[in-house]
Amino acid sequence: MGNYEIALCLGVVAPLFMFAVLAFVGHRIGKPTSGWVAVLGVLISLGCATYVLTGWLSATDKAALMATTGYDWVVLNLFGNEMPIEFKVKLDGLTVMMYFMVTLVSTCIFVFSIGYMAGHSDEVDGQCKFHRFFCYLSLFEFSMLGLLISSSIFFLFVFWELVGLCSYLLIGFYFDKKFASNAAMKAFITNRVGDFGFLLGLMLVFVFLQTFDLDQAAATFRNQYETQSGIFAADIDILGWHVSGMDLATLMGIGLFCGAMGKSAQFPLHVWLPDAMAGPTPVSALIHAATMVAAGVYLVARVFRLLTPDAQFFIAVIGCITLTITALIAIVQIDIKKVLAYSTLSQLGYMIFGMGVGAWPAALFHLITHAFFKAMMFLGSGQVIEGCHHVQDMRKMGGLRKKMPVTCWTFLIGVAAIAGVGIPGAHIGLGGYFSKDEVLAVAYERAYNWEDRFGGHAAEGGHREGDAHSAAPALRSGQVIFASGGEHADSHADAGHGGGHHDDPVLAGIAAKQHKIPKWMFWLPIIIAYVTPFYMMRCWWMTFMGKPRDEEVHHHAHESPLMWAPLIVLAAGTLISSFYMFRPELGEAAAHATQAPLVVSVDGEVPNKAQHELLGLSHDKDKDPHAALIGIVGFAWVAGIGLAILIYRNGLDLAERIRRLPLIRFFHWCLMEKLFFDHIYDTVLVGGTKWVLAQVSRAVDTYIIDGIANLLGRSTVRIAEFSGNIMDTGGVDGLVDAIGESTQGVGEMVRQPQTGKIRNYIMFGTAGAVLVLAAMIAVVLS
Amino acid sequence: MTQFSVPWKQSPPLEHRGPARGVVALARFVYSAAAPIVSRFPGLILTSAIVFSTLAVWIHWELFSYLETIAASDLNGTAKSIWGQSLTVGEIGAYLQSNSVAAGGVLKYLLWPLQMELFRDIVGLAAIFQLFNLIPVYAIWWERKVAGRIQSRMGPMRVGGWHGWAQSFADGVKLVAKEDLVPAQADGMLFKIAPYLAFVPSLLAFLCFPLGSYWVFRNVDVALIFIIAMVGIEVVGVIVAGWASNNKWSVYGAMREACQMVSYEIPMTTVLLVPIMTAGTLNMVQIGDAQSGGWFTWNAFHNPFTFIAFITYYIASLANCKRAPFDLPESESELVAGFHTEYSGFRWSLFFFAEYAAMFVVSGLAVTLFLGAWHTPLPSTWAFEETSLFKILLNGILFSSPFWFIFKCFIFIYIQLWIRWTLPRIRIDQVLYSCVQVMFPIACVALVGHAVWMVLLDGSMFSTLIRWVLGLIFAAVTFGFLSVAAFGYRNGRRMVGYLAVKQLPGS
Amino acid sequence: MTLRLNQLMVFATPIIIATLVVIAPVQAADTELPQSEQGLTLSDQGIQKSADGGMLEALMFYICAAVVLGSGLAICLSKNIVRMAVYLFGTLASVALMYFLLLANFIGVIQLIVYAGGTLILLIFGVMLTSKSPWAKFDVKRNEMIAAGVICALFAGMLLMVVVNAEWPLETDAVVVGSSMTQFGSALLTDYLVPFEAMSVLLLVVMIGAAYMARQE
Amino acid sequence: MFEIGLTHYLVVATLLFVMGIYVMMTKRNAIGILIGVEMVLNGANINLVAFNRYNGMSGIDGQITSLFVIVLAAAEAALAVAICMNFYKNLNTVDVDHGDTLAG
């Protein structure tokens, strides 16, 4: 193994080792020390991550680095051909970036937790839960990093389940409280629903592509598409529903996406994430904001090459719905952690939406920036909650600016970042300003410029594909893939500049299938981009600014250095990650991760003038999505933040008056009820199941069991009359006596050899063997 | 001889009859004749005994190989059968004449019997047996000296002149001459056979034991398991002895020995799998030769897990040859010498032969498997071409030779003595606890960790780095120990007095 | 000062027993080392010896068989349980020697380390834990012994009849290379993987069960 | 006579086997019966190894089977000793003839 692989593996194993230490001797190590043990483990991982990151950034021949060695974990003999499930380290730009981000964020959060859990880990059944918390955290760290470095979907699934387990354990950390254990179970079960789809997708991959390795799977997929074999030639019936070819591939993609839907809480399955806030706040920061929920996006990014256009469209729709409804719900939340949870959901929706519209690097870029500032904001909220002694209601807070300045200002940085504060037109801004802008830009491309970018030369591709409309885009689509990011030409072999795929019949057939997304899927995120700054600013203002609304809460508030130091680090991380530190690497990784036949990846960076000419794009300014976006959404943050300040400038009464307005009241009620998702699920799913079971059991009870009982009863009466009058007085007695006598006699006879002495039994057995042997010999001799 | 009134029937004292009388007279004569001589040249005799025995074995080997060349040069080169008819005296003589060897006429009669395998085996057995007898004799004497030093006294000083080096021989003569007591209530047959059951296996363990890559009597492919089995079988004799003595203390000692041995063989064998995995064979010669590349290629420094395995093995081996702090079966203070309470005379000494031989065997295993068997810290690749006897000798002194093996073994035996005279004995429940709950988990961790290490990063830059680091740590520790010892030796007498005063209460 | 001759015989005893082990072709399977490196060991002739030098092998075999059957007979006749265990030790050791003669070195040493080193000690341990008087004798009724003897004699007679008269089609005098560790390892991890794993599970179960049954309430 | 073949080993194995059965029959001590079982297993093992040696092929199936037999015997001995101790705990003796409390 190369040194980088060893470093990655070491970084993965170190938290596992610390987990073992804490699990076995944690209770001996004691309260603060066990936390530092876990921090040591994650620091080792951070060191390895930094080593790999520097090596990667300074590497010239990255293709050589990507070629890693693997070990056959098990070799399945499948359909006559051997299929090895290989354990192999995935080493590419995405892995390195994510690895570094995860280790950095989790280091900060581990350190924060030591200060936080000191007050929150109360005794349960006689033993302190402090070391148990860090034990779980280390296990989670191990599983998350393993998820990042595993290059086969199989091991990805294994670690996937492991992070699910850790999230279950940590949400239910206060398992002695009912709501916590309920939330844990809810999260676990909801994830199972998603993972069921994931398993189905996995089975499809297993059956049709016959490999679990990501790259091989993608290559096989492309090859099968070219030759129209394998899954594209498949033709099966599912419950009488006839599925074949492209639809089956779409199903496979959607199935794989279902896992992401569960983990990163997308629209139908988003209900578990707000409840997951029952866990300790560092857990919310690490697992439910920064890393694990982002694992869904990471999964989509990994299996991106197996997605058909339909599957991509499905993903985009799901993301769009999620980001809309959750952002709306976030407006009315009063629990500070709930606000952050719903904003997390909304941002995840942005990422998934970006993935769906094909903005691969943009979505991941948003993932990384979001990880930093959202983890920072959660830690800030944890700081606030700790300072206010477990008060989470923002209406009781306010005016904490004086008490906890560092928290206040770092939180403000986070707000600015998520609101996308920046000076439009200039490259000056904070995280969300760049990443969200890229996602929206791609959405704009897909919604408006799609034909204009590809519609130009319909004549060229006409003879290749059937209809003239779809062929020409194919060429450009091929170009657009490889035009994304400047440096793919050297890093990828067959990626020529621009027209590298001019005559690629495969790509010719593809972009034809790419949907031009409907306009509402562009406009909804725009609206939400206006809403986001509002509720984040509302949250910040209600918490920190204004006059203290609850004196004794305000009186106790304080902050401890062990807990605000990580905030500083994360704030720095936010600033750095905003300014294009990760961006080029992701853009380059996109080159490798999106080499798929059925994918058109549009890089958020719109090409410069030269590329315009190269791509033959129209030069007029209004077709430049960024220019367009400046007009549309550039100043959304001003509007949103301004509105928030306007409303909450002095106290809550203005907001209260607005809430009383007739129509607003209705909406507010709906939003307070989280758009009735929980009610619907409870009544329809849970209640329905209960009802069905009740009906079934009642029917069984009434008709079968009672019926049998009655039947037996009646027949017994009949038989009794019959036998009592006729049989019994007749032969029965004599028969019984005879049987009794004979049984006794036989028993007497049989009892003789039953001496109960084991030696005699051995003797009898041997004698029997002798007889049998004698018989055999006699037979043989005769 | 006065008759004591004892509850059981007393065996009448025997007069010397037949050969016994002759043997006694012979022993008396030999000692009276040898004593003045050995007391004159003690050091000379001590060293020359070892040197000559080794040289004898070496010469035999040279002769055998020479004879093999003769047989190979023979025209009708059929395989030599044990009865040795294949080479006649005439053929040997002809060969010698053709090579114009001087004194071939006499030499052929000397060479002829050497082609009989039985003869060769007898010679080899004699060498092994002499080694087997010399080692306990000197180990016992050395233990008494070490104990004396540790307790700020001199130890045996009289017999043999120089530091009482012949003490053990004198004890041997005394023990042979002592009366052979068999308690009347004891199970006579078992009581008599038990010492042999303890003695013979520890002798057999020497048969497959390589002292050097050429210096092995039987080069067996399963030598390692064979030796472990022999060390384990030795316990049968101890248990039978304790049982047959029909003595409460002896039975306690025997039962303790049984639990202790059976439970400590598990971690010991488990950690022994680690060097086996490293070398990929059970043949001890190959395991030893695999570590010829200098001290940092020794198995103990292969990775942290092998080092843990080495430590674990050494502790388990202490328990396995019932040395302190695990010497519960024969604890003098609690069980009045435990399983050999009732023994006396020669049978008693057999137990001690067995025990000290077992000490040598387990130390030899530690050396062979972990600490680069018969190799010096210098890599053997620097060795000279063995053209002359002088260069052979130089290689032996500088690079690899049985002397180094025995030297290392005695270092470990010294550590055993050191521990015995330093640490207190631990309780039986502590013994079993430390086996089952401490050493066995550690052994499993070492095994699994080593396996993972071998799979993942064997041969990588990282593992080489680790190997160097461990080797340097070990070298530093060794050097520090040697320097302390040297200081102690330089002003030893003052130091002893100083320590003695320092240890006095109220000082 | 009295001196008994049998004390001096001790010098002869280990030599005899040692020669038993030594001259047996223990190292037959050791074929890695080239002939020149054998030094004192004559293992390079091990295989041929078992092929042509039949005299020694026969001698060895008869000695081993004598020890096996003799100690077995002693077990049958003895009434003292500890003595029986010691005779069993003789049986096991000489059966291990037979394995060496059959070029099954690994099985031989495993027999020594597991049977003689483990099982036998376990038996003696059980005896010590369960015997009230030093050597309690449980006498068997004479007619029982006679019946058992008759049955066993018949059994042995028939089995011997079968064994001696049977034509073993496989029997050859081909020189067989003894088993090597490599063979064992690969066989245990490929062809016999499932029995191997089942055996490990069984050992675990037995360990737990024995510890549970033998515990002190 | 001097040519040792398969039959010699089989004869020894048979005799050992039958002796084991005899021991099982005539020893009233539970441990004695255990000893008989061990003798029987050894007799079987000699058969396995002997067939493996003399079948003219260089496989080691017989040896592996005998290896399994040895392991099983060790396990069986451990369990049997535990049973004997329970027997002794309940009946205060190891005489198996007293173990007939369930006999009709």
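Per-chain numbering from 1; labels A, B, C and D assigned in written order.
We adopt the following convention: a residue touches a chain if its C-beta (ideal position, glycine included) is under 8 Å from a C-beta of that chain, and two chains touch if they have at least 3 such contacts.
In this text the structure is predicted, and so the values were computed from the model without any measurement.
Between A-B and C-D, more C-beta contact pairs are found at C-D.
Spacing of chain A relative to chain B, judged by their CA centroids, is 63 angstrom. Taking each chain's centre as the mean of its C-alpha atoms, chain C lies 11 Å from chain D. Averaging C-alpha coordinates per chain places the centre of chain A 59 Å away from that of chain D. Annotation: 35 Å between the Cα-based centres of chain B and chain D. Chain B has no residue in contact with two or more other chains. Each of the following residues of chain D touches two or more other chains: 21, 25-28, 97. In chain A, the residues that reach two or more other chains under the touch definition are 759, 763, 766.
Inter-chain contacts, as defined above, occur between A-B, A-C, A-D, B-C, C-D.
By the touch criterion given at the top, residues 13-16, 18-20, 23-24, 57, 60-61, 64-65, 68, 79-83, 117-118, 120-121, 124-125, 129, 176-180, 185, 187, 189-190, 192-193, 196-197, 199-200, 203-204, 207-208, 213-222, 225-226, 228-230, 232-233, 235-236, 239-240, 243-244, 246, 251, 254-255, 258-259, 261-262, 265, 281-283, 285-286, 345-347, 350 of chain B touch chain C in their complex. Considering their complex, residues 21, 24-28, 33, 96-97, 99-104 of chain D touch chain A. Residues of chain C that touch chain B in their complex: 1-8, 10, 13-15, 17-19, 21-23, 26-27, 29-30, 32-33, 35-43, 45, 48-49, 52-53, 55-56, 80, 82-83, 86, 89, 93, 105-106, 108-110, 112-113, 116-118, 120-122, 124-125, 128, 134-135, 180-181.
Considering their complex, residues 747, 751, 754-759, 762-763, 766 of chain A touch chain D. Taken in their complex, chain B has these residues touching chain A: 455-457, 460-462.
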